[in-house]
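Next, two complexes with chain A in common: one pairs it with chain B, the other with chain C.
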Partner chain A sequence: MAVSAAETTVTGREQYRALAFRRIVILVLLTVALCFSIALDMALGPANYSLSEVLSALADPAGVAAQLRVIIWDIRMPIALMAVTVGASLSVAGAQMQTILSNPLASPFTLGISAAASFGAALALVGGVALFPGAIQYMVPLNAFLMAMAAALFVHFASTMRGVSVETIVLLGIALVFTFNAALSLLEYLASEQALAAVVFWTMGSLTKATWPKVWFTAGVLVVTVPLFMKDAWALTALRLGDDKAASMGINVRRLRLQTMMIVSLLAAIPVSFVGTIGFVGLVGPHIARMVVGEDQRFFLPGAVICGALLLSVTSVVSKMLIPGAILPIGVITALVGVPFFFVLIFSNRRRAW
Partner chain B sequence: MVTLTLNGLGASYGRVKVLSDVSIDELKAGSVTAIIGPNAAGKSTLFKRIASLIKGTGLVELSGSESGPRSICYMPQDTGANAVLSVYESVLLSAKQGSSWRVADEELTEIDRILKALRIDDLAFRGLGELSGGQRQLVSLAQALIRNPKVLLMDEPTSALDLHRQVEVLNFISQTAKRDGMIVLIALHDLSHALHYCENTIVINGGVMAASGDTASVITREMLRDIYRIDARIEHCSRGKPMVIVDGALHD
Partner chain C sequence: MRLTSKTRALAAALFLSTAWPVLAETINIEDVTGRNVEVNAPVKHMILGEGRQIYFLAALEKEAPFQHVVGWRDDLPKADPESYDAYLAKYPEIAKLPTFGGMKDGTFDIEQAVVLKPDVILMNVDAKTATEEAGYIEKLAKVGIPLVYVDFREKPMENTEPSMRVMGQLMGKEQVAEDFIKFRADSIKRVTDVLDKNNPKKPVVFVERAGGYSDDCCMSFGNENFGKMVEIAGGINMAKNIIPGTFGTVNPEQVIASNPDQIIITGGNWDKYVPGGAWVGVGYGADLKEAKRKLEALTKRPAFTGVKAVEDGNVHAIWHQFYNNPYQFVAIQEMAKWLHPELFADLDPEATFKELHARFLPLDYKQGYFVSLKDM
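After this line comes the complex of A and B, so read on.
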């Protein structure tokens, strides 16, 4: 074997340090790209403002015209930031579902959580049924949230039963998707034309429903849950070596899986109830993160946060650019933007991606 | 001196009793003990019970060392992992469980040492999914050794290795046991390996301990007939080492 002298002297330690450094650089670059995307998102919209006008409105809200201020601060910024928090939440939820179920197909969408939310929303929009009595003006998101949590908890408790394998759980999730989709179709069939339009629009998923309280709420959930995962970074990574191996490393596999599923349920249900069905991010965000920074959760977790946020933020930009003057529902665009990018990554990646 | 004593260990899966009343007196530091027996005899269950990975009856006593969560390490049979992790990362992962995010230089140097000793340093930055079965077994061994356990329980660690690697790994394990004062228990199918490398042997059959003691006194023609249902002889080679020669399977 012809190995040069320089190569043989490189220790694993040095190679590992270089690898870790490279990953940090990747994460920083992705974060820069995210900031750029957020800025672009805020600069774009039906009202035409130049970039300098947008920047001055950001820097000095009091010094610009009221109309500009309102458009930037109360309309565009919540949307741009909602893309970030929702993208990040769904991506982290998908990442940890894939981790604990050891299945590349797991995501809030494929486990039936999004479908359940759509059904809940449709119950409110079509039948006027409030699952949570009282707050009528929040009937739609509340219904969506309750159904999403119910689906997540169902999957969660099914997974605690003796003899239920992770493959069974994924199958169960897919069965839930079909069940809720059928129920949704039935509701749509029975709905009035007006209600039908509302349901269809809701299920497409749209960030135009974003408001500051929703942004704060979703951001708050992220701020609380992500550190919980970070604390368990080594253990969560070890889960991917198989249950026996993880247990042999001193991890309480059962408890870790349950605890993670609980947190994931919240992370998946909340954004969906605010913005409707956005399917793609929760599945693909984590896969992109895995391809670029690997599966050590110390890098993978922030990677999933940033990739999810970036994916949805870019999608938000594209949804404004495709038809000038109109903002297309983001749920429709996510896959259109994400799939080609995902394909490029899969086919250009020489290493195994799962 | 560290010693391991097993006191009436038992375990059940649901209502099915899969292991009962396994007792061993004082396995000593530096000793290598073979656990032998037919498939599904309860060898893995015994290991999991010793490592407290499953609940059950009986007591595991490790005396002469402060027993922490890391003192008994079970190395399961390899099932293959599809994680997007390199060999190096997977070993680091094992070393870092329960500790901080920060990785010290000494920890990495130790990984380098172990990978080199097992001669898998050239695989360090290969993905786990790209490894052969034998390579995965060596990585599993590295993951166990990096934890520097007082007691190492290995479930068929050489089943996928070529002959050269089998000898190399078993030699390395018994040397490490002597040097670090580690108590090693190995589940083995190859009885010649047991005769060569293990001072003591425990025979498990149908969830109970059928025999235990000095390897040469345990691996006998009668034991092979009763437990393994084979017709076999223990003969000594020209250098005086005992070996198992199998003449055929017995039928009821």
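After this line comes the complex of A and C, so read on.
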């Protein structure tokens, strides 16, 4: 009897190791795909530089012609990297949103964060209203950020009230979405043609706004927040078993939920205020990650980071190559690129996806 | 049935009060959509389905452009605040004119229109779908208000002349309308004749839409609008094969790759929307020194690195509102002069614009619509 029990333990351990190994391999493969996509984004463009020219501009920026240097370092690279940081941020935000609200439809936008950001940006674009006086040249992103955080804080404090369930939070968020959308429509109705065009363009999202400071900023937020989630990886995984089971394991469910919600708001609000509304990534990035590496946060979290980054990076390539020379709004392309892939995963993966 | 007869009497009284003093004859007008409409002309009371129709009405009614207007859409102060302010300063009573919201969206308040009792409603072709969906033409016909379509925006090159003629008929100012049409046609011919005769090499032109309005670089025009105007002025619109529709965004890198000979940036005073922004504030009575400084700053952006137009100083700014403005023939002249300075050395667009104001418009001319890095 003792021998067979030991055998079971051994095979269980082996199975676990094999599973972990397989998940690591998937993550590595996804990372390789991401690197390839970034390289493609850097190499392709209407200027038609050869690969060797691109490489020499990367290796020795001072030694190449000014035009080549500007195209690689100031035009292509910020866009390529911004796609990665924004995609990763939104995907992680969506992943944790789905985890803490135990709702497969949750995304950074469910709680009205994106709608609030759009409204804030429109306030600046239509009325020239600066919510944060002083920094006029950053009025649009600052307005978007402040409104997004205001919405997030509202949901946060509402959810600290007694007797508020997860479902109530989701409903509250959806109510916020409708409120801000209505307010946005009103602003659009009152707007001048010029301002209206700017608002519509803003809400479609655009990576052409990317600059180096914005890239560093979004990357910095990721570097700070992802380890915070990693620290709570086990607790967040346990949360997926249900609040009661998680609580029985000694997890302060309420605190964990509130804390995660604050970080998620930050993760969602910052990229949105820089590049405008980019939907879909925050919803589907985490689902793709969940399908390929499962629910365990130690794999799920990096999986969500990489899937989101990959999705938006590929979108960035497509948005500039679809009509050579033109740039299509990235918010429009994201869904077109992601949906077919998502369908394939759903239909090939007969196991329950949620 | 006493109520009915009372109502009938009231309606008759109303009818008499409006119809009696007007000694007008009924004329048949064919509008730009080919509809035949019966209108009592000359028109005494009219509703402008778009506020910017005043650009044309003003050319017909130089002394008192608003004397027959009883209501208008509120788009002029939104789309062209400088012109609105200039009109407001001269005709303060327009602040009190009843306004309508976005008629294009079909939100036209028909009740208010009926109460204002106009002899005609002048509608832009843009609003045709919305107007027809709501059945406004039939509803208005029941109370005897005809609706006439004009178009200065969707197909300005084809429809401006017939639209102007229709308005001339309505106002009983056929001769003024013909004079305006001739002045406009001559101004355009002044450019196209020279180009046809000399057949010069056409420079590649990048038109940047509202440069500096936001952080994004390189919004531009496809085949229509400024894209078309540049082609009439003897240039090749860089984005014509890139942008499928009228508006779109060009990859900043494409500007470097295409290496345009000339760059024209549209601008306007957008201080209300983007305070202290990088836009070039050209327009009615603009500070051209400041505009030139900002234009120069825009050439420092990555997308313009080492581009021929920048190296040669062939970077210009033009008033953005020319994009749907009837006076765009002046813009065509100015662009032709920028693109072919030697061919059009003796052409003076400024003088054309001055003459337009002196002969046709109630407002005094003020410069500020154009600036170029080549300007002293």
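The definition used in the following text is that the second predicted complex is superposed on the first by the 344 of 354 C-alpha atoms of A that agree within 3 Å, B and C clash if a C-alpha of one lies under 4 Å from a C-alpha of the other, contacts with A are read in each partner's own complex, and residues count from 1 in each chain.
Everything that follows uses one rule, which is that contacts are C-beta pairs under 8 Å (C-beta built on N, C-alpha and C of every residue); 3 or more make two chains touch, one makes a residue touch a chain.
Note that the coordinates shown come from a computational prediction; the quantities given were computed from them, not determined experimentally.
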Which superposed partner A:Ala39 touches (first chain B, second chain C, both, neither): neither
First, second, both or neither for A:Arg298, with chain B first and chain C second: first
Contacts of A:Lys320 with chain B and chain C, given as first, second, both or neither: second
First (chain B), second (chain C), both or neither touched by A:Ile26: neither
Partner chain in contact with A:Leu131 - chain B first, chain C second, else both or neither: neither
List of chain A residues in touch with chain C within their complex: 45-48, 65-67, 70-71, 74-76, 125-128, 130, 136-137, 139-140, 189, 191-195, 197-198, 201-202, 206, 208-209, 211, 320, 323-329
Touch list for chain C against partner chain A, complex: 75, 78-79, 101-102, 105, 210, 213-219, 239, 241-244, 247-254, 256-258, 268, 270-277, 302-303, 305-306, 320
For the chain A and chain B complex, residues of the former touching the latter: 11-13, 15-17, 19-20, 102, 162, 230, 233-235, 237-238, 240-242, 244-245, 247-251, 290-291, 294-296, 298, 351-354
Complex contact set, residues of chain B against chain A: 14, 51, 53, 69-70, 73-77, 79-86, 88-90, 92-94, 96-99, 101, 103, 105, 108-109, 111-112, 115, 121, 124-125, 127-130, 140, 143-144, 147
